[in-house]
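The data blocks that follow each hold one structure.
Consider the two complexes below, in which subunit A is the common component and subunit B and subunit C are the respective partners.
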Partner chain A sequence: MSRSTQILLWGIGLTFVLPFVVLGLWSVADTWRYPAVLPDLTGDHWQRLVSGQSLLLTGLLRSVGIAVSIALVSTVLGFYISRAIAYHQHQRTWLFFAYWPCVIAPGILAGLVYIFFLRWGWAGSWGGVWLGHLLLALPYAVIVFHPFWTPQIRQYEQLAATLGASRIHIFSTVLFPMAKGMVLIGGFQTFLISWFEFGLTSLLGVGKVQTLPVLVYQYIQEANPYLAAVAALILMLPPAVVLWVNKRFLFTKLV
Partner chain B sequence: MKISGRTWPNSLLRWGFVAIATFPLLAGLVYAALYSVGLAGALSDGFTWRHWQALWAEGVLWQTLGFSLYIAVVSIALSWLGALWLVWLSRGRLQKGVLGYLLFLPLGIPAIAAAFFIFQWLGSTGWLSRLADQIGLIQQPQDFPNWVNDPFGIGILAAHILLALPFFTLLLANIYRQERLSALIVLGQTLGASTYQQVRRIVIPLLWQRSRPVVLVYLLFVLGSYEIPLLLGRSHPEMVSVFVIRKLQRFSLDTIPQGMAMAVLYVVLVLLALFLFYRKRRVI
Partner chain C sequence: MLQVEGVGKSFGKERVLHDISLTVETGHTLSILGASGSGKTTLLRGLAGLLTFDKGRVNWKDEDLTNLAPQERGIVYLYQEPLLFPHLSVFENIAFGLKVRKETPKAIESKVTTLLDELGLSDHAHKSPEELSGGQQQRVNFGRALIIEPKVLLLDEPFGNLDAQTRSNMQELYLRISREHHITSLFVTHDVKEALRMGDQWATLQSGQLHSFSSQADFIADESTGAQAEIRFWQNVQSS
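Moving on to the complex of A and B:
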């Protein structure tokens, strides 16, 4: 690579840091009036998060609760369901059903099921939003885990069963250790689906279930860019930390 | 011992999955279709094409679908071509070191945060405008170009490209290595291919063929995007998701059937695209 190419690539690479810089500045800005390029600094907005003076702390806890439970349930269910699909002779037909909710916009998916949620009293409740998130995360988990069930894995299962291992033993000592990496990736990605979800949450939550993405939007609407930036940065934190640990969690091998 | 997929627990899992993942969508789709022709809902008064005709007559249908398609195609095309250019410049060596880390960063940015950033970056009182003011390019915020909530969706495109460009760059760099394109390019050079011919005949066909399924899925994702056009778009024309959710959330019940009609049309088109593509390929 020539030096000019390297400089160009670095310039483009550094552009991707800008969202963190700009939102970071807003999150510590006391006042930032036009045309000042840099704001006066304060730690008040972050302090409001820690002290619980704003909706941020409850929003954060609510988001963590929903996203972690969605990740756990969809990962466990997705693992077993993907196996049931992969071992069926018409696996492609079954897998096709998993793609449906993944390619349709979450907001429109929410619009289609909204009436049922209203009728059954789920709209505007935690449970309703949780169920809505599961509609998105579970099919995705099935798609992620499906490639794991290769003929070789099946042969391992058969070998273990022939040697007398029970079904529980096969899963705990053969399959889970082999699938550990994929389970972690699937778990984190389903966590992110729920963690980032806005359209479906705002519609099914009817404004009552205020997760972090909903709060970002609410603060923007209230012309409060400071708290909106704090909420946005908290949203960006888990992926950034996990990225530091292992890039694979954010970018599964797609081809 | 033979491991079979046809045991009753497996059947239960499969049908249970369809009940959770597919049935609500199908039931919602049928209900929305009935709602849009006046056969369901609080104000239903018998079969009518009135709501579809209203969408058609006002030109909203084509404007909304057209604008969504324009945003999806342009943002994906620019991102893919930009990624191709970066991968070609770096010869696929982008995933390691600090630069690789920087490329991964935007993958962890939610759409709502990306939209908020673009708003604060490209808006008339955003950071670029402030910089332009400092160096004397503009005198007041109104002098700055209208890039947010603009008729061409420049802000929407910028937000989507911010998220899609690094994603496609990593994807194409991956394919570049897997397909050993460097070796093929050397072979092409040996046989006398010019740089243009190497890109046109070797790099683009291979990268396009391998990345096409992901491009399609990403295109469908952008087509239905909500947060970004909600924050950075105009009230007219709107993208599909914004139109549908706005119609459903209004206090007036009169607007719901139009929202339902648009949702039905969008879902049918997306599922049709998925079906056609899925049928042609062994794996997505």
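Moving on to the complex of A and C:
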């Protein structure tokens, strides 16, 4: 590897890493004002998180709960619905409906459904926000899984059926294992959609539902860079762990 | 004995199968010769329960199979491609139907080991399908179907993708295995020599209409089967 390539790679690496270093410093800063190069350090912000004194811990747990359940439900339902669409005679029409929530901004989607959520009393509730996230994640999962259903996959299904396998058995022992890489991608992506969702959560949650991204924004608005940095770092942590654990499947084995 | 009485199928205005009736004696193989688009695959898919015939009945001995789901028919449909499950080993592929039937691990081990030996695949038991040749994959495909002792085996040009030598070996293997296991089957092909070699009974399917022959001699004598053209070709080669 030439020296210029090495310098370029180091430069790209630093571009990725430096923002996290700065965030890390903010999260352990007591005060950090010009012209100090480094902040006065303190562990108070993290201690408050662990002891549950701030809103961060409840925000974190609720965000994890919503994102994990959204990923599970939208992956399982998306897999099943994408099959129904792929084998339907009007599959193009159904697929168009699935693309629709993905091409408009989440905030606009929230605006479109907001009136119904208000009328039915779902606005400002955890259930309402959860349903809003599902409106985004489920169509995305359908689009991710749709290419899996080729004519050959249908032949696999039919062969397994003539060998005596029930519908549930075919899904659990043939189709899901064959789509393992794609299922992991779909699960990971829908987790991220829900995990980082801000605009729709703010609108449908009407300030009462405080997920982690909402808290980050709130701390920034309050000019509290220390807690905003803690929240931002926590926000990055679960996706990084999921990415690390599944890197073999996510990057090498799609189907 | 498999009895098919007056089955028909249309897709929209296109009539694909016309009042087809046939009988296959238990332990026999009915060779059906037909070109692409003659309705062979539609017939087999209907018999397997993968599509519904518009009319007619399908009986096995005294049992009416017409309205049964594919899982309940005991009729296995084998495609041209071996379609081995890529996430399972050779052993697990063959054991698939036994696991579906919730047989004990001991029984599964014993039956699969015996069949692997019979198919000459003992050394490949723990390989993945992608490590096998085309012929070996088809043997696993047969094994996976045979192990559940189906009432009827439907074979849709199973050797169509194999080279001449492997194809001949597979034909020989299938004849031996089908006789040993007393298998009742429908063997669909567009190759007249293969139809002659594999069948105990013979029929042609042309434009959705089935014509059965009472003997091999009748099948060969009929100009529509192409057997006469084949004979003339080799006679010309010999005399020139």
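Basically, the second predicted complex is superposed on the first by the 244 of 255 C-alpha atoms of A that agree within 3 Å, B and C clash if a C-alpha of one lies under 4 Å from a C-alpha of the other, contacts with A are read in each partner's own complex, and residues count from 1 in each chain.
As a working rule, contacts are C-beta pairs under 8 Å (C-beta built on N, C-alpha and C of every residue); 3 or more make two chains touch, one makes a residue touch a chain.
What you see is a predicted model, and the numbers here were worked out from it, not measured in a lab.
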item: First (subunit B), second (subunit C), both or neither touched by A:177; value: second
item: Touched partner set for A:35, first subunit B, second subunit C, both or neither; value: first
item: Touching partner for A:161 - first (subunit B), second (subunit C), both, neither; value: both
item: First (subunit B), second (subunit C), both or neither touched by A:204; value: neither
item: Partner chain in contact with A:141 - subunit B first, subunit C second, else both or neither; value: neither
item: Most subunit A residues touched (candidates subunit B, subunit C); value: B
item: Subunit B versus subunit C as contact partner of A:152, first or second or both or neither; value: second
item: Overlap of the subunit B and subunit C footprints on subunit A, listed as residue numbers; value: 158, 161-162
item: Subunit B-facing residues of subunit A, complex; value: 1, 5, 8-10, 12-14, 16-20, 22-23, 26, 34-37, 77, 80-81, 83-89, 91-92, 94, 96-116, 134-135, 138-139, 142, 154, 157-158, 161-162, 192, 195-196, 198-199, 203, 213, 216-217, 220, 225, 228-229, 232-233, 235-236, 238-240, 242-243, 247, 250-251, 253-255
item: Touch list for subunit C against partner subunit A, complex; value: 45, 48-50, 69-71, 73-79, 81, 83, 85-87, 96-97, 99-101, 144-145, 148
item: Touch list for subunit B against partner subunit A, complex; value: 1-6, 9-11, 13-14, 16-18, 20-22, 24-25, 27-29, 31-32, 35, 86, 89-91, 93-95, 98-114, 116-117, 119-121, 125, 127, 129-131, 133-134, 141, 162, 166-167, 170-171, 174-175, 178, 210-211, 213-214, 217, 220-221, 223-227, 230-231, 240-241, 244-245, 248-249, 259-260, 263, 266-267, 270-271, 274-275, 278, 284
item: Footprint of subunit C on subunit A - complex, ascending; value: 152, 155-156, 158-166, 169, 173-174, 177-178, 180
